[in-house]
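What follows are several structures.
Across the two complexes that follow, chain A remains constant while its partner is chain B and subsequently chain C.
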Partner chain A sequence: MDMVVCVKQIIDPVTPASLLEIDMNGKRAQPKNPKLVKLVVSDYDLNAVEAALKIRDANGGKITVISLGAKSAIEAIRECIAMGADEGFLLNDPFFDESNTYSTAYSLSKAIRKIGLFDLILCGVQEGDWDAGQVGSGIAKFLGIPCITAVGKAEVKDNKRVAIERVVGEGRESVEVPTPALLSVRSEIGAPRYPTMKKQMAAKKKEIPIWNAKDIAADETKVGDSAVRIKLMKLAIPIHEAKCEFVKGQTPEEAGSNLALRLKEAKLI
Partner chain B sequence: MSETIKIKVFRFNPTLEKKGNLVEYQLEKGPGMRVLGALKAINDQGQNIAFRYGCEEWECGSCAILANGKPQLACKTEIQNGMILEPLPDLPIARDLIVDRTKHFERQAELYKLPGKKTGNDLSFEDQERMWKSITCMECGICLASCPVLHPQAGSYHYIGPEFMVQLFRTTMDKRVDKKSLESSSKYGIWECTTCNYCEENCPQRIPILKQILELRSRIMEEQPTFVPETLRDLNTNLFRYHNAYGKPQNERLEWAAGLKVPDLSTGEKDILFFVGDDQCFNKRDQTVAKALVDIFRNAKINFGTLGMEEINAGEPALKTGEMGLFEELAKINIDNFKNSHVKKIVSTSPHDFHVFKREYPNLGGIFEVLHYTQFLDELVSTGKIKFSKKLDKKITYHDPCYLGRYEGIYDPPRRILQAIPGVKFVEMTMTREEAECCGGGGGGNWIDIPAGQRLSERRVMQAMETGANILAVACPYCLAMFEDAIKTKGYEGKMEVKHISELAKEAI
Partner chain C sequence: MINNTGILVFGELSGGKLASITLELLTIGRKLGDDLKQDLNVLLIGSDSESVGQDAINYGADRVYWIEHPLLENYQTETYKEALLGLYKQIMPDIVLMGQTSIGKDLAPSLAFELDTVAVLDCIALSIDPNARRMEQIKPVYGGNAIATYVAESGRPQIATLRPKTVYPSQKDGDRKGEVIKFQIELDPSKIRVHVLGMVKDEIVGEKLEEANVIICGGRGMGSAEAFAQLNELSKILHGVVGGTRPACDAGWLPPYLQIGLTGKLVSPNIYLGVALSGSSQHQAGMAGSKNIIAINKDPEANIFNIAHYGVVGDYRKILPSFMEKCKELVSK
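What follows is the complex of A and B.
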């Protein structure tokens, strides 16, 4: 079972909005102080790595991790290697800047073609930052292979078929798909295994080749800015305001009825 | 010179009686007489107490009994006036002091099957060396009788106990079965050991049981990551990513100190580094502990400072859950920070941090003078730098944290502080000092979910209630969290309160 896992490096979702700001173009959130904000592998992508590791534990094979993003995403790939993946590649090129789901799916599919033969491609069901959930199905479309979304369990049968449980509504849907196929994985597949410090240090020594648009023979009209099909108009950090007002009264009972009146006035009750 | 002594022995004949009782005997005690000698002497008087023994030289392990509630070898322990002798707990009694250990032997047989048929010896000399200590285990069952996790009230635990962990450690050395043994140690609840150290303290052979358990944990972490409980994976991910156990961004570390203007070491050298600790920084309940200490230090005019935003976890939870590499990484950052800030003396809030600063950091090149805050406060009280002027009309009992008591032998300073507070009526629990039961929070226990009704903390809180005290004083953040939960699950709210010694000391100033 040779597998490719696509991962994305994102701003740590636990970061409070107060530590972020919107860039000059009003299109991207970025840390005010990069020291205080961590960049992490998107949660569902870690589940995808775990799914691949589980399949490899049972059937053997090779796991390749790819990511499209800034140079810092090398760290994200290394984390996946520390978890147990075999190798990784980063797609990084000024051409890829301002990529959206369409162009990212296109570029990743070209990179997968370059990697060569594969049995399975695994993605997280959606990214932890934009939650679009389109890249996986996009890759499948570009590669012309079946795509199974919302995978909660996957089991390989005689190296040719994968028995899958999809997480749907309040139940599960069982499907079987021949390889090669693309699976987009949900957290039900199992918590990602912990990569120990020892493994993180070993992964740091691993060389991660960087590929640009030329390396993957990408059509320039389909990558980056020029391929954008959805235009982001404006991005803003929501402002939450809280006002505190003490309603008084001579006695607790009076204060209570004053509070009720005030709430009624504000049309809250 | 012999003296006349009286001892009580548990007598029980299950075929004739429904329950046993303690019977008092008088005998002449010669110099250095052991419990075994005493039992023989009583039988020489015409009694027929049933007890088991073999070698009489502390080698076969068959004479293990409870002497004054503590599991020990009858051939090794000196008899004392007033001693109570009982059979090992939690086992069917065959007669008097003899227990039926069939369930232990069955477990052993189950583990002995793991290696299968031996074909040649592929052990290295180093492995043989490491194995040797565990081979000296004489299967006396003293560690099993000591382990609080194995107590019958703790029904749903998976942990099979220290003796069997030692046995599993031994089989992991065998390359043919190491994976199977690792798997088994996960199945048999290795993560539930709270590293309280009571088993090792009582082990007649002084087998480094906890070192072996931690080595097993470490191997599972490295080789079988899917067997690590999810909560412990999250814990270590948090420690790795955010350098704290709570998974909070570092900028929230100083939340506890808002408005207090606590100095940090970047503003110049200080006499004392106050190592606040993750719990006191991020946990709302524990923040009062740190605030109280700041108040006390100021009152005593101590020139102290914290590391401010630079403070990170001391690495203890990583070490005790088997993530040795991460522990070393965190320790190295701390040691560099301490050195760069010219730290001379560290006062730590948590006994766990204190323990690693004292016992582990020197191995990594970080040699500093370290005090637990109770030692430091005790010093301030005895030198008159702080005076308790307010009266606290409370009945207080104190729980010894494992890492302050059994690991470091610090029993008296916390008691002296409490007793120095005017109005305080100090009472001891029956299991106290060296024998204090664990709260269940150590060794990663803080992050392992045990169903309510079966937690170690609940049993300990019951013991505290028996003293009639209305405050249970603690000196460790894990104990605080464990006991506050236990008070809620046991329905003792309003009857008993858990307080850190720092909080009580602050109230009394």
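What follows is the complex of A and C.
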């Protein structure tokens, strides 16, 4: 199984809003102080890496990780290699700046074409920052392969079919699809494995080639902020007017019974 | 020059009736249609029912399109996309709305890329800019830390999904008149690449989360499956139902169908008590509509306190036993 996993480096989604600001152009949120804010691999993307590793454990094969983003995203790729992926490439070029959902999906599909042979493409079901949740569908469309979303389990059969469980509103749906196909993965696939110290060291030394728009033979009218289908008109950090009434006590135990008393007073219990 | 006109809602049925998300979409679709002075169309897939069609009209639709086809019995991306495309090409709407449901979040991007555009998923508000006459699509981004407003540039149609329970359905208007049309499409079974083999429905024990009046929800900080026994005991005292955050369900402490959040159930009980959970945006998306939010968490900076009405800061292990004791005493009174 030749697999490509697409990952994205994002601002840690649990960062409190107070540490973020909107950039000058009103196009994105950025840390007020980069030292206080962590960049992480979008969490569902780590589930996608885990899905690929599980398939490789069972069937053998090769896992290539690609990411479109700033140079710092090399660290994100290295994290996936430390988990067990075989190699990685970063798409980085001023032409890719201000990429939107459409151009990101297009650029990633061109990079996958350059990698060449693939049986499966894996993505996280949605990004942790913009939550667009459609890059996978776009890549599949550009590559002309079927896209299966909300994947909670995937098993390869006879090296040419994938048996999939999709997690849907009322239960689990079983589907089967021939390869090549794109799967967008949910957290039910399993927690991402922890890298061993040895693998972490090896990943640090791993060379991550950088590809620009020319390297992937991208049509320049379809990358970066060209080909914009929808436009971000406004981005704002809302100020929460927290109105929480904190119930206290001399001890935690007292706070507990005071909470019950307060709820009774408010006629909630 | 954009020639597309009108709004098309992709309707979903539940138990043979219009699903609640469809009523919400018809409500917001009617508002957009009135602002644009354009028609509201709704697509329903299944065998046409006069009463359901009339219901859609009473909730705001001008035209109801029924598509019935043996290959559309169950949802499947490829066939549903073809059906929707068929109707799209016939009526050329300027706006296509779906719910942010299992189906909508799969179908909307797929339809959008087929039409060489992108959708805006998980919107919490949709409105019309009166000057540009285009739809403003508002959604939370950056883990709920920021709110983004999108408008269509070159992309048509404008495709959006609406987060369930963000719009309150309008009252049924029994006097509304509209048209019900059976729409024929042809589907080529040889083009289907993804085969649906079956569905295992969750066996839900007890009351459904979505219908519960009181919900006790545990998070990552609970620490173990055993710790949830305490929440179960509390739920009996308060006549509620226990749910969990995504990390709690992913850890296997609770079955997946008890997950509350963007990737789980969307709930709006009268009382929501969150224990040992931080209140990530993905969780808040599923419960922020609760009427009374109570939180117990050891971190005073936890996001849940931004939306909670009552809070206690501290270790739930120390707080919960006395809280339960007192509740037992007070509830019986």
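Following the convention adopted for this analysis, the second predicted complex is superposed on the first by the 238 of 269 C-alpha atoms of A that agree within 3 Å, B and C clash if a C-alpha of one lies under 4 Å from a C-alpha of the other, contacts with A are read in each partner's own complex, and residues count from 1 in each chain.
The rule we apply is simple: a contact is a pair of C-beta atoms (placed from the backbone, for glycine too) under 8 Å apart; a residue touches a chain by one contact, two chains touch by 3 or more.
Everything numeric in this text was worked out from a predicted model, so none of it was measured.
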Contacts of A:257 with chain B and chain C, given as first, second, both or neither: second
Partner chain in contact with A:191 - chain B first, chain C second, else both or neither: both
First, second, both or neither for A:199, with chain B first and chain C second: first
Partner chain in contact with A:36 - chain B first, chain C second, else both or neither: first
First (chain B), second (chain C), both or neither touched by A:14: both
Chain touching more of chain A, residue-wise (chain B, chain C): C
First, second, both or neither for A:59, with chain B first and chain C second: neither
Chain B and chain C contact sites that coincide on chain A, given as residue numbers: 14-16, 191
Residues of chain A that touch chain C when the two form their complex: 11, 13-17, 20, 22, 29, 100-102, 105, 125-126, 128-134, 136-138, 141-142, 146-150, 167-178, 181, 186-188, 191, 227-238, 240, 242-248, 251-257, 259-264, 266, 268-269
Residues of chain A that touch chain B when the two form their complex: 12, 14-16, 19, 36-38, 40, 83-84, 190-201
List of chain B residues in touch with chain A within their complex: 221-222, 225-226, 228, 230, 232-233, 236-237, 240-242, 247-251, 323-326, 328-329
Chain A-touching residues of chain C, taken from the complex the two chains share: 77-78, 101-102, 105-106, 108-110, 112-114, 116-122, 136-137, 139-143, 145-155, 158, 193-202, 238, 246, 250, 256-257, 263, 270-271, 278, 280-282, 292, 294-296, 301, 303, 305-315, 318-327, 329-331
